[in-house]
């Protein structure tokens, strides 16, 4: 703090530009997790703590980050985790739950359960069986944001029986995530039934002219339903994050 | 016929290969319409006479072709016709009907009305107002194939009230043409309701990432409905032709 | 109602499938506005009444739709309106306000002002001067959803002075719309500063390898900020709609 | 049925909107096949029962679905089946025939053979040896629709001897499927010889600028033959389905 | 020449690297035509003199270049010439012949007619009427190379009557240029009939998924006929040049 | 011949259309090689016998085809041959020469050596080491066409020493094949030095924005050298074929 | 300054985070130029003052910005300026020089001429006449950075006489800008001759498969010359800026 | 030398064109390294000796080239080297240092260390952990050019703490290389902070609509920072080369 004061005096004296002041001041809000830094201030700025992208990280590096997050009372979420990584981390963090389909690892802290009416409500809808891994990543992420999550699986555009069968639940959501490959038309159909934001997640499922999800992505961007916005192909994490964020905002205001 | 006989004798004698025989024989089935030839044999081979692509053709050239077709008792259909061309041709062919939205010119011959149960039934469905020109081209073409044509306009995927309100008519069709831009999801929705072939026509309507109809085209190619096949962007003519052809085949068999 | 009862009896008796029941029942919730139908039920289903896409519509058709909406106590919003259309409609609806930059026409009803703490807060950020038309469409749309809207203009990524100068306002928003062309990096920068959802709207501004907004679109889809979702290129309406919808959900819960 | 009556009464009384009525009514037409549902009503709506996409499904799940279909007297067709899946299912369904090239598994029911003149006629044409797997999928699917199927293999555009040698058979078809990679020109050539619909299936065969079937797809979409419509790249199933559907419609009318 | 000698002496002495020698030597083979240089040595190196790309050039600049070429006894060919440019140049070069469809201007020198058996033979084939401008540019260019040029117009793939009717002429060619838009399948068909090289020129004619000639280009690159090579979209000049060059090589050897 | 006569009589009598005549006549010029047919007439029509695409063919099928070709005195060329296929075929055809880099198998017949001045001259130029497999396929193909082939390897655009060092040889060629990946600029440089046709073969060598040869392909299509035409990516066979064909035409005329 | 002190005290006391401190402090370094702000601090940070993008700006707005820049002793450069804008601004700033080809407006201040050996040296090379506008924008920008600029025009890859004729000048440059459309091969050729950085600017000149400069862009990105980096299509300004910046760095160190 | 003199005499006498002279003269500046030639003159022309692209080269071939380079006192750099190649070469060149992450092999010569103020200064910035291999290739290359290299790792755009913490170092650089995947926005942010050239290297890191680095590439090309130029995707070598070249030019002038 001493150092900070000295810098501030130089700043006021005009010796230092504000920018130089900023970059000399040592940021106390960033914990050093070895190779990758942990941005502990993020939770205040962005509403949620940092999420760990496991792919390419060593178990040791992740262990450090997890401990730093837990030490600050923050829930842990890691995505794109391999089965091998999960086994090792599971030994060290027995409270962690590994979702092998969604490839996530989540450590919920016990004191995080909010009173019931303050919980956001997210529904996740998938078009087909092969969209499940992306949907599971979205579901784990939305759970980690503190939302209550329901899922409606295998809803086809050409035969949307399951959708109409679940309308009441769908309409009670604060935000809906629709995960679909191929033509990507499902978000429009869902969007026409609900009065809340719909986050569309295109998947790389499909063959031929689906072009690894591009057809679905274009379909979703051109959706005729006004309440549909889109995230990247296979970006289950981002879909769950945005939906959870909206749900949290609404729930906090309730 | 004399010449043909002589050629055939040489063919049999081995003087001429079959291929040489074919290319020396003067084809009597092609009428010379000036710049562009009229393939009068086509009607027998392909089920329908030739259609005139008006764009870039002179009125004189078209007049010749029209007369040749009428002279052989064939219905006339011209597509991509400008208002200027239509005015002039309308003077010369007062029975011709010009569709300014679909940019077609059609001259139906009076003796072509088949008994009612032999008429094919085509329904044309559009997603929005701006799909109308392409739908009208499809409608005129299907009429020209001899089909009875109904239309269901302005059916949105996010609110398909009009579609369900017209299900009986839709289900009575021999073939359905769905004309849609933007995300191109309507054919899947229609395809899930009918047991006949659906011809999807993507339109270049839309903006942004619709890429002049490519988004709609990809959506339609990736349709999850098994009975959907696709024609080129803005190809109202081809959509109406294929649907009319199917309807004719079914009606002729009735 | 009589007819409905009769149909329901047949349904219960098994004479009618539920689906047939539905399509025979005449939908009382759709007003006939001539060429285009007005979906008056939409407001209940989707949270907001239907928006009029003016491009290609006649003034007469729009007049009918506007009157139908006003007659049901609904705010009017029309997008992609030409100056010519606006002049004529302005004579007939003197309360309407035409935004020539955003090409919108809006008729707010006087009894729609909610108590202050129930108003959603939307901030719109633009990267450069040429993004203004899209931003204005977003602003008019967000106003029409009932939100209070602030704008921060001309925030370049390479010199984000204006952004940091407006951080408090930005952080007080329920949702933020970021409108940007060229590289599309601004949503990431904004997303790193706020704890609410960011709706990114790519614009077709730029030249060379910006490909009519595709570079910006890809940049936004690949954003490293987790709270960013994306709508179509130049889709100011959809950006304003999604942001207004989120803000309304949060404000209603307040 | 009791429940349905109660719901209908509330509907007539205005307590329930028609839509709410529909979604509360429990759909009796969907059999629960474990992970994936079997839409038994589909056969009535769409003309054919549901087809099983084997890829990614467990043998157990498929066994359940197959039994549900057979139990309702419906023919079974599964596509994209691996050799491993086929071996296990072959033990359980000894009447099933596995096509290892087309990767299909089909169980025909004995009482399905229609009188001869009621059988649709489908011809499948391939451009080269490498198009065979897609063609076989199309053939199996067309057989499953009840059609009589003939094939003409290895017809190159640059040397179409085999095509002309098979013209009479080709011209007797109700619908033709053309499977081709590389430049995708064969459907145009075939389309010029027949008076029935041609379904073009582009294949991902080829190298260099064939771009995994895109060159063939574009060629087919731009075909100058009016009777050609197109399905997705490698979509042998859809090609066979649409052709079989057309043939069935024609044959039923005969 | 004095200067050259001095430089050569320094080169031999090692004072100058060969490269420096080359760039100091003043090139006598380039005539200065004002803004654009005329490469008079080209004729020796490349077999033909330089061709003038008229677009964007002033009439004065072209007049200079034309005179320089004529002064060296070289035939003049200018492409992409506007009607306005042609009128003015026609006054100054009354022997010049302007082709308004192909947008070329050519000045043949009288002493260039070779003995008959030394003339190369080029045939130009077009798919449709709209390919004519590109074909005319190709024809003028091939004439300028000294070839005898025949044309076969309006040969559609779906009905190649005209092609078979002209087989003898086609087979007598030294090189064939095929100009086609849409699907670009014609070169394959032609390539299967002749034993000489086929130069395929895709045209930007077409609509929808023809993508300004890309579909035709891809079709031609993927041609199954081994004797087909391709030039750029709408590159009539290059097609005529390569064909004329081949024909000249063959004719010179005769 | 009897049958042919009868058909011809019916043709002359008008019983048979010429087309029907043609397709009923049994083609004696096609030998049946099992799965794939051998087009023995091709040599007369196209100047060269058929080439065997080995990929996906059984050794047995190829053995049959090879024998049929040899039996008619035709040179054998097979491309895309695996090492395994080559070993087995090498045992059966000890005169065959296998090129493992170019993946070709060629059986030259002894009596095919033409007098020296009748041999065409082809030069093959490569940009880098990794272009060698494509260049070798081109070289083997050109040898099979009867040409004398020289190669100039590893010529970089940024340092074309080897090219200038080989100018005399290059300029003595009847046709040049340039094989290059990355930017694809080498054909332009070569094209500026020679007066014969240049066949450009883009290769899929490279990384990043080379897009599997697309960058090279586009560079070659846009070449500023007029004598450059292009074949498909990695199409060494077609490059060697077209060059060999041109060289043969010139040599035969010599 | 008083305010700043007070903020700094709160910062030191921990009342304010450093970030809040920064955004409350009013930035004195940004002059308000009406619609668009002028970043006067930029010159210190980035080495050069801000450049004005004229397109879409009013003359009044630009006048304000120009005066602010001149008032701080900074050279003015505006790009993408129309002739109309230039005429009006020319009246107000008679020292300004308008380049109508490059569409720039530049006001050099008299006291900016550095001693001769401190001037950077930039050479600009173009492939063809149509690249001139982009090259002129680059030239004006490099002049504005204080560099001495030479140009070598109309250098073709297939006949690079002009390049070799200008090697000494080229090799004396601190940085070279190469402006080229079509195949984009010129930067590689230039890059092989010089030992300084080459900035490649692709232009949208060309037709067919040049795709508005994409072919040139890809060619340049894949350049085999190691010293070539690339800027956006038609980005003459950026090419001149980067080259001028490099030249300035080198000249300042001299 | 004798031969050279004779050639020069013929050149002066007019017997030989300058070009023929050049290509007959045997180039003494190219050492023959077996399969691939070593261009020893390159160092003089281009500032740096040739770099070895190890991929696809044998260890023997590289050993020859390395020895040739060392024999001429030149530093060795090889890129894209496998671990297997490196082990073998490490035995033969014990001074060589292998960077397994960047896949480089470098042999620095002891007498190359310049006096300190003559060393260029390069900083390399990466966006995330997965950009490290490309950054390491850039770092090794810049070291090989003689520059002093610093790195700033893991700077995300949404949280650029590390960047501001390293501003003084960044601003002291002669050139900066920014390596980033995903949206590619980091170069703009860095470019706004420094007054030296920024070389942007897009990486193929990312998923979904990052399209193997295309999204990053487009973002970088459209950067709003004027001092940013771009190299190919994953082209760490070229990024380090251009930066090292700039730094060397500046340092040499110091």
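Should a chain be cited, it is by its letter among A, B, C, D, E, F, G and H, assigned in written order, with residues numbered from 1 in that chain.
Following the convention adopted for this analysis, contacts are C-beta pairs under 8 Å (C-beta built on N, C-alpha and C of every residue); 3 or more make two chains touch, one makes a residue touch a chain.
What you see is a predicted model, and the numbers here were worked out from it, not measured in a lab.
K.L.:
Using the touch rule from the top, work out which pair, F-G or A-D, shares more C-beta pairs.
P.N.:
So, comparing the two chain pairs, more contacts are at F-G.
K.L.:
Which chain's C-alpha centroid is most distant from that of chain G?
P.N.:
Looking at centroid distances, D is the chain farthest away.
K.L.:
Matching over half of the contact pairs by residue number, can you pick out the copy of the G-H interface from A-B, D-E or E-F?
P.N.:
E-F
K.L.:
Using mean CA coordinates as chain centres, what's the gap between chain E and chain G in Å?
P.N.:
39
K.L.:
Report the inter-chain centroid distance for chain A and chain E in whole angstrom, where each centroid is the mean of the CA atoms.
P.N.:
Whole-Å distance between the two chain centres: 59.
K.L.:
If I count partner chains per residue in chain D, which residues reach a count of at least 2?
P.N.:
Where chain D meets two or more other chains at a single residue, that happens at 22, 159, 192, 208-210, 214, 217, 221-222, 232-233.
K.L.:
For chain A, which residues count as touching chain B in their complex?
P.N.:
127-128, 156-160, 182-185, 188-189, 191-192, 206, 208-211, 214-216, 218-225
K.L.:
Help me check something: in the complex, which residues belonging to chain B touch chain C?
P.N.:
Going by the criterion above, the answer is residues 129-130, 154, 159, 161-162, 164-168, 207-210.
K.L.:
Would you tell me which residues of chain E are touching chain G in their complex?
P.N.:
Per the stated touch rule, the residues are 19-20, 22-23, 26-27, 30, 35-37, 39, 42, 55-57, 202, 204, 213-214, 217, 232-235.
K.L.:
In the complex, go through chain F and note every residue touching chain E.
P.N.:
45-48, 51, 174, 192-197, 199, 217, 221-222, 226-233, 237-238, 241-242, 245-246, 249-251, 253-254
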